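Structure, as C-alpha cells:
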C-alpha cells in the first residue's frame, strides 16, 4: 500500500472501478437486503445487528427526529433555507448546532451510565464526582418543557422487553433506573432513554451524538424543505410585524 | 394563533408539555411501530408509505451511504474531525459540501426526467433544450470511476419489480431508459438510478438532494468517527512524508 | 514539482520550515508594514493597492460589518453560540447563511454593472434582459427597512472623490447612477454602493460576496460572543414567555 | 422594550429605518473615518483603540491570514469550493474546522498566560497544574513545521516597542518569556505570539479564537476563490493519478 493510500486508509469502504465494498460487503449484496438501520449499524461497527438489536436502534432513531421549530437546530435550518443556499447547506447549518449543549446530552449520558456500571452501581459516588467536576446540567435528566417526555416510556418499555428476550444485558438500564431514583423527582428525559439504548447496544459514547445527528437530520430536512415552500426571503427570528413600528 | 406562532408555524410537528406530535401522530404511537425509513417518509410528506414504497425508498437510502474517503464530503469530514470540533460539526462540514456538483445530480436528474415525462417522451428535444441552456454535465449519467456502477442495476431491478407489482407507475423509469438509449454508450449512474426511485415515489426534486444527504450522512459519520480513533491532529490532505523533504 | 504538489499547487502562499511567503513576499516583511486591508487585497489579487484603492476597500469593508440581530446570519450565529460549539463554529453557521439571497446581492450587482458597462450603457436593454431571465429582485436596489440606507451616500461620496482623484475610472459608478435613474424611485442600497466600489477596484464578481463575508464576519463574531456572555442555553427564536402558556 | 426586543437585545447594533448605529455610533460617522481594524475593535469591545493599540491588533491580524493549502481549514475550503456551493459556504466549511485543535491554541494560550500573570509569575506551578489536568499539547509552543516561526519575532518586537511606548503593560509578554524559558528548547510559535498581543490588548480569551478566525478567513477566501478558477469538480485530497491504477 502506498503512502497516499495509507494516509487515507479506512476499514469502512473500498472503491475500485466497478466495485464498491462497505465493510467488506459488495454493495450489490446489500441493496434490497439490508434495511437502512441495519446499514447504519454495519457502516458504524463493521458487523450486522440481530433483528432485536436493529429494532432497538430503529426505535431510538425514530424517537429523536424532531422537536419542533423552536429547537435551535431546526430554527437555524429554516432560516438558512430562506437565504439562497442549497438544502444540503441548510441542513449543515442545523446539524452544526447540535453541539455539546444541544446534541451532546446523549453522549454525555452514555459516559455517565458507563461510569456507574464501571463503579459497580455506586450512583452517589459517581454523582458526587460529576458535581465536583463542575457539571451543572446532568445529562439525560430534566427538561425545559416536558415533565414526562412522551418518548421516554415507550423507549424504556422496548429496552425492558429486549432485556427479557436476552437481546441486551440490561446493566445500563439498571444504572439509569438507579440514577433516576437518586435524582427524583427530576425525570429522565429522551436523552437518558436513548443513551440507555445506545449503551445497551454497545455503541461508544461519541456515536450517541452521531446517531442523534442522523435522526434529527430527518426533522431538519423536513422543516427546511417546508420553509422553502413558503417563499420567504432572509427569514428573521421575529415576525416583522412584531418588531417596533419602524421595522414593520 | 399569535403572530409569533404563525411566523414559526409548521405542519411538521407540534410540541406541548407532555405532547409531541409528528404530522399529527403522537410520537408514542410511532415509536416501535414505524421503521426509520417510514418515519422519514412520514415527516417529509405527511402520509405513510405502503410496504412496497418503503422498500424502494429503503433501497435508495442504503445504496448511497458511502463512496470512499476520496469523495470530498467524506474527506472533509475526516479532516474536520481531527481539528477539535464535535462529531456534529465534522458531519456538518461534510454535508455542507454536498452542493450542486457533489450532491445535486439526483435532484437535477429528477427534474430532467420530469421534463421528459411532461414532454410525452421527447427525449431528444429535452436534451437539446438542456444543452442550449449550457448544461455540460448531464445529471445521472457518466462516472469518473465506474463504467458500470455496481449500485445501478440492483436498484433498477427493484424498480422493475415495483412497476410489475403496481407499487409505482413506471413512467420515470421508462423516461430514464429512453434517455439511456439516447446517451449510449455513456452509462446511467447511481444518481440516475436513485432519481428514478425518488421520482417514481413522487418526491419533489429538491428532496432527492435531501434524501441523498440523509443517506450520505451515514458514511460521513462512519468515516469521521473512524478518523477520531486514529489520533491524528489537523490532518492535511497529503501525508507529511509525501511532501517535499522540508515538510517531512 | 511532484504530482502531489501540483494537485495542491497555489500562487497564494508557500510554506517551508522557517519560511512563509504570501504572494511571494516573506511574511516578516509584511507584519507591521501592511495594513489588514492591504493584506486582504494582496492575498486576493497578488499585488498591492495604492493608498487610494486601499481607502475605498477599507470603507466598503467598514460599512457592511453588521445589520442587527434580526439578520438571519447574525441570529443564526447567536443561536448556534448557545448550543455548545466553539466561536468558530458559531461564526461558520452565520457565514454559511450568506447565500445567494442574503449575501449574494453585491456579487450579482457587480455582474449587472459589468453588463451595463459592456453594453456601452444600454441600461434599459440590460434590464429587459434580466427581467426576461426571470430575475425578480434586482440586486443592489430596494430595501425592506431603509428608504435611504445611511451607508449608501457616504460610500458613493468616497467613490466620487476617488474618481476625481483618478484612483478609479468611474465607469461602474456612472452605470450605477444610470441604473438608479431608470429604477427610480426604488433606491440604490448598500449592496449597490459596495458593488460600485468592488467593481471600480477591479474585483471579479464572486469576490464581492467574499469581501462581504469578511466584513460581516466581524458583526457575526461580535454578536456571537455577546450571546455567549448572556448564559442562555439552546436559544430559541421566540422568547419562551411569548410562546403559548404550555411552553412558558 | 417588548419581550421580543429584549430576547434579541444587543449592545452591538441598533437598526431603524434610515438608522444604523454600531456601538452607539451612526454608521455614516464611521465610514471613511475608521479603519477596518478599528471597526473590528469597536464592534467587539464598544470603545475605540488608540493608534498604538490598533497597530498591534493590525499586526496580529496580518500575521495569521494563511499557512498554505495543507492546513485543513484551507484544504477543506478549496475542496468545498469545487462541489457546487457559494464562496460563503466554502468559507464556512473552512472556518468550521478552526476548532480547539486547529484554531483554539491562541485562546488556550491567553488562558495560560492569564493564569501565570494571576499566579504572580509562578510558571512552574501553573505548568504542573496544566499537566495534571492532562494537557498534552501546551498551547503557543512547538510547531510541526517551523523550528522558528518567521512570524513570531516580528510580532514580539512590536510588542516590545509597544511596552516601551506605554501602549500596553507588558505583563503577558513577560509571562510568555518566562514560559519560553521554562519550556526551552521548545520554541514559542505564532499562537503564542498572537496570544501575547491579544492578552496585552485586553481581549478575553475566546476572542483570541474569534480574531484568528477573522484573520484566517482572508486566506480561506483567497484559496477558495483560486480553486474555483481552476475548473476542478469534486476535488479529492489525492490527485487521481496518484491513486492505484484503477482510479487513474
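In order of appearance the chains are A, B, C and D, and numbering begins at 1 in each one.
We take it that contacts are C-beta pairs under 8 Å (C-beta built on N, C-alpha and C of every residue); 3 or more make two chains touch, one makes a residue touch a chain.
All figures in this text were calculated on a predicted structure; none of them were measured in a lab.
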- line: Under the touch definition above, the chains in contact with both chain C and chain D are A, B
Message: What's the distance between the Cα centroids of chain A and chain C, rounded to whole Å?
response: 36
Message: Using Cα averages as centroids, what's the distance between chain B and chain C in whole Å?
response: 32
Distance from the mean Cα position of chain B to that of chain A, given in whole angstrom: 20
Message: Show the residues in chain A shared as contacts by 2 or more other chains, in ascending order.
response: 4, 8, 15-17, 69-70, 75, 84-86, 88-89, 92-93, 96-100, 103-104, 145, 237-238, 242-243, 247
- prompt: What topology does the chain touch graph have (line, ring, star, complete, other)?
  reply: complete
Message: Help me check something: in the complex, which residues belonging to chain D touch chain C?
response: 3-4, 6-8, 10-20, 22, 26-28, 30-32, 34-37, 39-40, 43-44, 55, 58-59, 61-63, 65-70, 75, 78, 86-89, 91-93, 95-100, 103-104, 145-151, 153-155, 157-158, 206-207, 209-210, 213-215, 217-219, 221-226, 228, 238-239, 241-242
- prompt: Across the complex, what residues on chain A touch chain C?
  reply: 4, 69-73, 75-76, 79-80, 82-85, 89, 92-93, 96-104, 137, 144-145, 233-238, 240, 243, 247
Message: For the complex, give me every residue of chain A touching chain D.
response: 2, 4-5, 8, 15-17, 84-86, 88-89, 96, 237-238, 242-244, 246-247
